[in-house]
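One chain, subunit A, links the two complexes that follow: it is found with subunit B in the first and with subunit C in the second.
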Partner chain A sequence: MKRRDFLKYLGSGIVGTGVGLAFGKVTKPPGAKLIPYLIPPEDVIPGVATWYASLCTQCSAGCGILVKVMEGRAKKIEGNPLHPVNKGRLCARGNAALQALYNPDRIKGPMKRTGERGSGKYKEISWNEAVSILGRNLSELDKNGATEGLYVLTSTLRGHLNTLIREFMSSYGSPNYMQYELFQHRNLIYANRVSMGLDAIPHYDIANTRYLLSFGADFSSTWLSPVNLSHGYGEMRQGGARRRGVLVQVEPRLSLTGANADEWVPVRPGTEGVLALSIAHEIVAGGYYKGADASSWKELLSGFSPEHAARVTEVDAGRIHHIAKEFVKTRPSLAIGGDNLSAYRDGLSCLVAVNILNHLAGNIGRKGGVVPNPAGLLKGRTGTELRKDRITALAKSALEGDVKTLIVYNTNPVFTTPAGVKLERALRNVPFIASLSSFMDETTAMADLILPSHTSLEDWGDDFAEPSTGVRVATLMQPAVSPVFDTRGAGDIFISLAKALGGKVGERLNYKGFPEYLKESWRKIYANNKEVAAGALTFDGFWNRLLEHGGWWQTEEPRHKPRSVSVRRVKAHIPTSPSEFEGDEGRYPLYLVTYPHAGYLDGRGANLPWLQEMPDPMTAVVWGSWVEINPKTARKLGIKQGDLVTVESPYGGIDLPAFLYEGIRPDTVAVPIGQGHRLYGRYAEKRGVNPIEILPVAEDKRSGELALNSTRVRLERKGADGKLVKMGVRTEELGRGIVQTITPEEFERIAGKEEA
Partner chain B sequence: MDTIKKLVLCAVIAVVTFGIGYKVSDAYFGNRTPAQPIEFSHKIHAGDNQIPCMYCHSYAERSRVSGVPNVKRCIGCHSVIKPDSPEIQKLKNYWENKEPIPWVKVYNLPDHVYFPHKRHIKAGLECQMCHGDVQSMDRITRVSSLKMGWCLSCHTRKKVKNGRDCWTCHI
Partner chain C sequence: MSKIVKKVKERLRDFRRPGYYKEFEYNWTMVIDLDKCNGCEACVVACHAENNLPIVGKDECSKSRAFNWIRIERYVEGEFPNVKVKFIPIMCQHCNSAPCELGCPVYATYHNQDGLNVQVYNRCVGTFTCATYCPYDVRRFNWFTYKWPEPLDQQLNPDVTVREMGVMEKCTFCIQRIRVAKDRAKDENRKVRDGEVVPACVQSCPTGALVFGDRNDPKSRVAKLAKSPRRFRLLEGLNTDPSVIYLKRVMKKSGSKKHGEHG
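Take a look at the complex of A and B:
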């Protein structure tokens, strides 16, 4: 390089730096701003958090939460340590509620449809206009004497919002208030009713049991009240000085709970009921059952010898005998039946069979067994009538033109019903649909009017957990932050609708707003219930304590009252043969198991990026869908890990990547539910597939509930790149001794030595 | 051809150094005494009139931040005291328009540093130790570098418990 060139370069460098410095000085803003409050809100210290006790509504367990709020913004959610359901713990879904509150895809204000139905074209309108549009629609129905044409469909609400809607509907004159969710556990309630006359979900006292026989109940991730039951499981395994309990998991696909079990019994799908009755047969035949009606049980169960059951269920007869002996001899023991079971065409019967097991071993009403909850503070539940109040019935009424106006709140049936139900087509037949959803989802897209409601962190409400924990539990929901957008509480919307309607409805719901209704209702509970009122001098003092603690619950130990199952009652309900499956066995050789994803549940969590990022606990897959295939089956079909595979049922096909999974029977494949949203915000849309679409429109023979687990499928390899994204690559430990195991007996021996 | 190559190289060097210059301009030309939207004088308030620091910066002993007085607090006194002065007219305008005053930050720590005022006040430090002779300043000037070495020198000198631990400030 010449000296002159060097100087030129140096010069341009110096000039460049100089101009850069000067430019930066001139153009950059003079630094961050310090913006003071104009008028400081009461009780706010910037930088110091305020914690509000409230209720989690991410699933129907009804956990108590504490919301950390700083400068009016919700920052973190923790479990409420005082709350008996979750005892200070919280699951991933509960944590992710923050992202529902601050989700960029929330509907920001009321909207009216302007384009074709389903086109997604909406115009923003004011709340006054929105309420008056719906009010006019309902007045017109009333004028034409067609009040029964009003249908309201919500999630499984249990608190005072439920009572409010019921009051609204009855004073308006419509019996058509329905609740629908994919995992509603109705079969469980029906089974308890027909077998032990208990019209509820009892508390399954896992914490105090010593032998837990679980038929496909994935209580660690999604079943009933996962935080409570997982905590109970921890107690059962390592609680205090008690002996470590045993968990036996009976399921065709190994779930997270199954992975924690001492024994996995990979039963043939649809035969769990037969297996349960065969275990019952062994209990009675072995003379372990001492009841007076032992002989009639013997007669009832005579067709379920282990030898016969072994052929049907593909579980060894010796193993059945062993489980029966352990189950009845270990005290206390407990049998539970999960979502897998209740979604067979024999779902109700399978759950009855599980109840029979609990009866024969004397587990009902005992500590460490099935503990019925005391009657709730609120009387009456909506929608547990057998064969009524079903989503298929709604679709039928809509098709026949009976549904004139539909109001939907907090449920997304278009996503969660099989395509065969043709709900979307039926809804097109409804003249007017209003959605109270905070998010544009598949059902809300059908709406003519959207009245967006608050998320749970902005709203008032309450809940009476079911299953509870053997005691009465009421949880209060209070706003932790002021509304982020121009939304309203669902209760407030109904009350302002009542005002717009006037007449009988307006008179019945003459409240300023939902908070006032809630407080008045609690005033009644306070006045009528000495136990609730105990320790409080005035209602206001009591109300403040409610807000402070996050609710009210009994603190004493649950009372145990034995119940029994009689032969007469269950005779007509027991499963006599394996559940039926759709699809010819030759053409569709594999069973399909669909299960709720640990993060998305029935699909509601798919719009929260934290949950999308969370690796599935068993497969470590993130962001997408997958189909679990046994490596043996995959080899036979020429399918490799990550290949794109078509899963085809008689009702349709879906394409998704293959995940080779040793924890599934070779004749079964499994697909998680939750992905495959057409609409539901940027994080959920066009991600994975929705297996519900290819599920059959089959019903439980006895209860009429949708039987989701009742189809066979076939697989076909479609291509090499299925775009399977997963955390971690290897599932083998390659002799590195990462997972150390010992047998329970060995553990007992060591533990015994240490104690001595 | 050669000339074009050289010109391009010159241009590239100029652009790159321009970027560097732009980026570091704060470090050399950063204003330690920025102009504020209102010519508020700490000398008059804290110096001449002896108003304690924490009368206005009221969160200092309770929170991470010391807090800037809310506009209501300013106007509370100034609706009576010297309401006609031109600077207080500005304050009045903000109040009447219901707008907060956009003060310019003088002491600005990056987000990866956790600095609680509360702990330092509880340890008995005077505000002036870090903020300088505020009661004699008309317009606030930053007197400390706010660099990590400056923090550590004090933590070391005062033998602060875990004072040299990374996690004490970077949490």
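Take a look at the complex of A and C:
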């Protein structure tokens, strides 16, 4: 989309750049009731919307958004049509960010703990007091020569907030800055490094592929960059090409993406790696791979004949052969792996196997294949750094008394780690905890001091999307509205801390506030990078354009640099046997599969009522959680739809209603992640259960990713009323021809007659 | 007085003449490509945000009183492992011979000159007739006056009426957005351009399954898509003449197994 069209798109609206343009200044006294326009601000015209281009932070995809603001209030979020990641589109979670901003259960100002830890008793204090309490604590550490006792734990941050915290920590003298959240694609990044020498996530060009082989990656709901990949999916299906792209999904439980696939391969849980290598075996054995190292591949894969794989995976040998042939013959093709695949104990190796498939079929560095991204404008967390950020390591240090002070921002590890990590106990051992959360969640409840930060619609920031789309993408975040409560930006909090501390830190971070820091950092990028600066004569002109467009990105077609996977590299990392599951097979006969809920993701969306009442895409369940059971299995156990069932692993049990689902293997049950908050506001609290609680602590040694599919369970019927509420009554068409279909063959006959 | 009544009656008769809207300037149409839609529900939440739909909570949901102007239906066929799932977004079909319009005793629901089926909230007395007549089950009734706790109410869209207890409601094709575009076009002395009206669901849809526009404009995307050999309309046999056109999902016949496709 051109800039002119962009303005047209906004229609009667105005493009806004920074709330009230008052840089770093709050235009409305926070917490005060707004007196409606006794003296109207100059840029507010009643009834006319102002649109601010900004960044979505509901997941780590980094989509560009436009926020519609009327009379100083945010009304609607839409995708930024200029933005290369989401191309003007938005997912359900992105839409619901408004309800994070206006959530009635936000923490309304700084607070100090007065009761026992975890008792929830707090006293309101002023920002000055809050900052000085934390400042004094850090000075004390410094005086005792214990600066290394300061730990900072944040969500995945890639922009200048990350740089700022890094500078803060290094000048203060602590190496202990960690980024941790449940879904960080650690296995994927590591697998790419060991197999392709790429310490990053590439762009998966679904739009242009004709055969997509997905191992568990549910990009329609949550995986990687859902909007970008779903847009690609739409293009792959009906983008005007004569040949419609095919999707084959390999997973034991049919996900939303799987439900749209042309073929579902319900493989035995944990054996996907073996299946992938068996497909690779067939590619090499069939002579389709023409590389000079074909013979060493043959040798490496010799143990993965389809006959052997069929026994392990329960996928027919003929079918394996067929998939291999289609995969290598259909051009271009693409294999992806994620979510369910990555969640096994051996997930990393399984992902290596997927990379091998792409290599053997010649898909790496091709249009419609795997497109490695150019290095970003700003270095975020490198894979190597990320690997060190382990929540188990943090728990250990805390238990051993190494963590003196912990600052937590935008992540809720108490909710997202298995009970076995004993994180809560470990945190009780930390002398001082400060949380910068806007919400009272399970981790924040451990804090002695709460400095509530802005939500993304009130704050400044930036992001360098990973994966981007084969080109460099930088997205700017600007406040669309004045703060609703007495909160501050996370960056501002670190800068005022630096001021309170003085000394080296104070010198290093001598800025008025985070907006100034951000702008200065961009001034450097502007000065050092000709490509970015192109077309802007002055920095101010450039900055305004950044704010107007919502960022900067390359507009040319991605360059396709081939990369290869070598036998030598992957040898030590390929899966040789199925992934392990804990629990004795006799006592715990069923595999447990857990997956991020389409709305709540890792639990963060559970406090947004729109998402609670959004029917789950597959089950249509609202306001709760459930366990998916194959009807055959249920019948054997005397379980009916909606019954209350206990799901028990060697690590504990949870009670939840049964959902009978034909899309799951009879030897497997599945529970979504996201509900079961003890704390998190009125919409989330005491609703459903959190399956992470009953998982073993299974961390991949190489990447630090927590395995979510790692235990077996047993089921027991507890009672009749599990209180399962689902929307939509029927899932049968009853011959009414509601969703009409045509066959692919018919489609090929008529394709081309269609103009779009 | 009786003259006015007569005039109103004539006008209403006019409005009910099947196909009359084709003589008007616009004929708003939605095309939904079922081969693109992946059932992600982004459209559902976008609609909530735009149109001030209330949240009713778990208990009310269990009584089928949840508000969805657009919903995704899912059909699950077959048994493991031969399972086929099909999704379809369904909103008000803006029928051009709409059963609901015939029933309303107070003309709260009527057909406007753009071919839209509109609902006048302050005429509605809540007889439920329209919802009973609608074959697509798209109408939702306000059993209560739903309130947002502060400050969630600050999000409410000032361009859309907030409804109260006793009123029936349904998808409007985001008429507020159509209004803005038409007003602007009028000010600039031109017709609304193709792509100028983007309803909230269409705007959000990640896969690009939804397309909206004016079918009277032969160059519009919807006019072209409406000619697709994949086109069909929902429960076409009922002769409701909907303004929503679906494009068939491309899918293997269940039971037709290709080589190797088992187990």
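By definition in this document, the second predicted complex is superposed on the first by the 700 of 756 C-alpha atoms of A that agree within 3 Å, B and C clash if a C-alpha of one lies under 4 Å from a C-alpha of the other, contacts with A are read in each partner's own complex, and residues count from 1 in each chain.
Here is the rule we use: a residue touches a chain if its C-beta (ideal position, glycine included) is under 8 Å from a C-beta of that chain, and two chains touch if they have at least 3 such contacts.
The structure displayed is predicted, hence computed values, not measured ones.
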item	value
Partner chain in contact with A:169 - subunit B first, subunit C second, else both or neither	neither
Partner chain in contact with A:736 - subunit B first, subunit C second, else both or neither	second
Which of subunit B and subunit C A:403 touches, first, second, both or neither	neither
Partner chain(s) touched by A:103 [first = subunit B, second = subunit C, both, neither]	second
Which superposed partner A:48 touches (first subunit B, second subunit C, both, neither)	first
Which superposed partner A:226 touches (first subunit B, second subunit C, both, neither)	second
Broader residue contact with subunit A after superposition on the shared chain, subunit B or subunit C	C
Touching partner for A:257 - first (subunit B), second (subunit C), both, neither	second
Those residues of subunit A which subunit B touches in one complex and subunit C touches in the other	8, 12, 47
Subunit B residues touching subunit A - in the complex, by the definition given at the top	6, 9-11, 13-26, 28-31, 34-35, 59, 62-65, 67-72, 95, 98-106, 108
Subunit A partner contacts - residues on subunit C that touch it in the complex	33-36, 38-42, 44-46, 48-50, 55-58, 61-62, 64, 66, 68, 71-81, 83, 85-88, 149-158, 180-181, 184, 196, 200, 203-209, 221, 224-225, 227-230, 232, 234-235, 246-253, 256, 258-263
Contact set on subunit A toward subunit C in their complex	8, 11-12, 47, 70-71, 73-79, 86, 88-92, 94-96, 98-99, 101-104, 220-221, 226-227, 230-231, 233-235, 237-238, 244, 254, 256-257, 259-260, 262-264, 266, 314-316, 318-323, 484, 598, 609-615, 617-618, 620, 622-624, 630-632, 662-666, 682, 723, 725, 727-729, 731-733, 736, 738-744, 747, 750, 753-756
Residue numbers on subunit A that touch subunit B, as the complex places them	5, 8-9, 12-25, 28, 30-40, 45-48
